[in-house]
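What follows is a structure written as structure tokens; I'll ask about it next.
For clarity, chains are labelled A, B, C and D in written order, and residue numbers in each chain start from 1.
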Amino acid sequence: MKIVYFAWVRERIGKPEEELTPPENVRTVADLAAWLASLGEEYAYAFENPTIVRAAIDRKHVKPETPIAGAREIAFFPPMTGG
Amino acid sequence: MKIVYFAWVRERIGKPEEELTPPENVRTVADLAAWLASLGEEYAYAFENPTIVRAAIDRKHVKPETPIAGAREIAFFPPMTGG
Amino acid sequence: MAQAPLTVRIQAEPFDVAAELAGIAAGRTDVGAVVSFTGLCRAEGGALAALELEHYPGMAEEEMRRVAAEAAERWPLQGLVAIHRHGKIAPGEPIVLVVTASAHRAAAFEAAEFLMDYLKTRAPFWKKEHRVDGSQGDWVEAKDVDDKAAERWAR
Amino acid sequence: MAQAPLTVRIQAEPFDVAAELAGIAAGRTDVGAVVSFTGLCRAEGGALAALELEHYPGMAEEEMRRVAAEAAERWPLQGLVAIHRHGKIAPGEPIVLVVTASAHRAAAFEAAEFLMDYLKTRAPFWKKEHRVDGSQGDWVEAKDVDDKAAERWAR
């Protein structure tokens, strides 16, 4: 699945997007964030405070407990500061 | 003192302003309205519902119990509908 | 913040919303939020030919200034414009304009709402309807909902 | 009232507040109230050279449309404009514009505030500071006060 990053999540991980295939036991958005955090220092830094990172599946806001099954694009980003 | 009228108060009384000298026992705005209402049919009509008519003394909103002593210009008008 | 420039005008001519909006933050870099309210004459389903706005010339501008000064005292404003027209106004034309500028949006929104609620209930203007059938219509009646809106700012 | 024309745009260029304001009630005689909100880039006491607005191109417009549609469903609007810029924005320049039109002022004011509160907390935009000393500043932090402002519309 395609994973995209924005703002300081993108800066910390060092890339705007990537194609990844998480293991089968990664079922929810929270599972995915925890698994990403295990991929290396830069990921651990991005997700060091996992409750602050927001997520969207296929361009809609989702909660940590939302299942990721069937997702084409999952985005992780900080709380929004537009407006 | 100068008394001025606006909107339907003016239309009912039939003039925009007049110079009047109320008797000495007319002390408050409410007294003045009651005295005006006694001046004729057109005045009685304008003040038929005295609680709805608003007043200003020297261009400031006042309450029925406000004394009129020293006033140069007293205005009577319906509730405002600008904006 | 009573130093905020307060512009209050009463006029028969239409006003230029764009110019007032552009002017309030022109040349400044400390304004974060500009709110405008424009009140327009409605045709009321086609029955209305025009509204005639009567005002108390001696008092209307004074009262608008008092309301504007109170807004500038209650919210940290960087600018405030309040313009009210009088005379005959056709459907689709603007009647009243309020513009507020502040560093943050809550102050700009609240001050604009306060100004409109107070202008509606305190500024000495009265609307009379002129109907398309040629008859002189009624004086517009004051609404309870406007009094209630104004009461929420009581302190 | 979901038939109200909803204009949602994301663009790098500045927008024309006057044109959007004029357009929303043009040729109509049923609009009684037009409210606009313009959010501008502040210089923060001179320390800020620019804000850089990053956005999620695939999602930002979709989310703004969802927010606009919800406003049109909750209030009897006759028109709604929401424009958000991205890219580098200098102090004094506009970032975001919301315009609402309705028969009555309460709906126009409330819908505009709702739109801003929801755009701030739901539209995928992030602000980064560029300082006048040439250094890249921090990402602007989300504010509790914005979350609280958005929560008041929960139903």
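What we mean here is this: a contact is a pair of C-beta atoms (placed from the backbone, for glycine too) under 8 Å apart; a residue touches a chain by one contact, two chains touch by 3 or more.
Chain-to-protein mapping (UniProt): A, B = Molybdopterin synthase sulfur carrier subunit; C, D = Molybdopterin synthase catalytic subunit.
All values reported here derive from a predicted model rather than from experimental measurement.
Shared contact partners of chain B and chain D, listed by label: C.
Rounded to a whole number, the gap between the C-alpha centres of chain C and chain D is 23 angstrom. Averaged Cα coordinates give chain A a centre that lies 48 Å from the centre of chain C. One inter-chain figure worth recording: chain B and chain C are separated by 26 Å, centre to centre, where each centre is the mean of the chain's CA atoms. Touching two or more other chains at once are residues 39, 116 of chain C.
Listed for chain A are no residues, as none touches two or more other chains.
Of all possible chain pairs, those that touch are A-D, B-C, C-D. In the complex of the two chains, the chain D residues touching chain A come out as 39, 53-56, 58-59, 62-63, 84, 95-96, 116, 119-128, 139-142, 146.
Of all the residues in chain B, the ones that touch chain C in their complex are 4, 6-8, 56, 59-61, 73, 75, 77-83.
Note for the complex: chain D touches chain C at residues 17-18, 21-22, 25, 27-43, 46, 91-92, 103, 105-106, 108-109, 112-113, 116, 145, 149.
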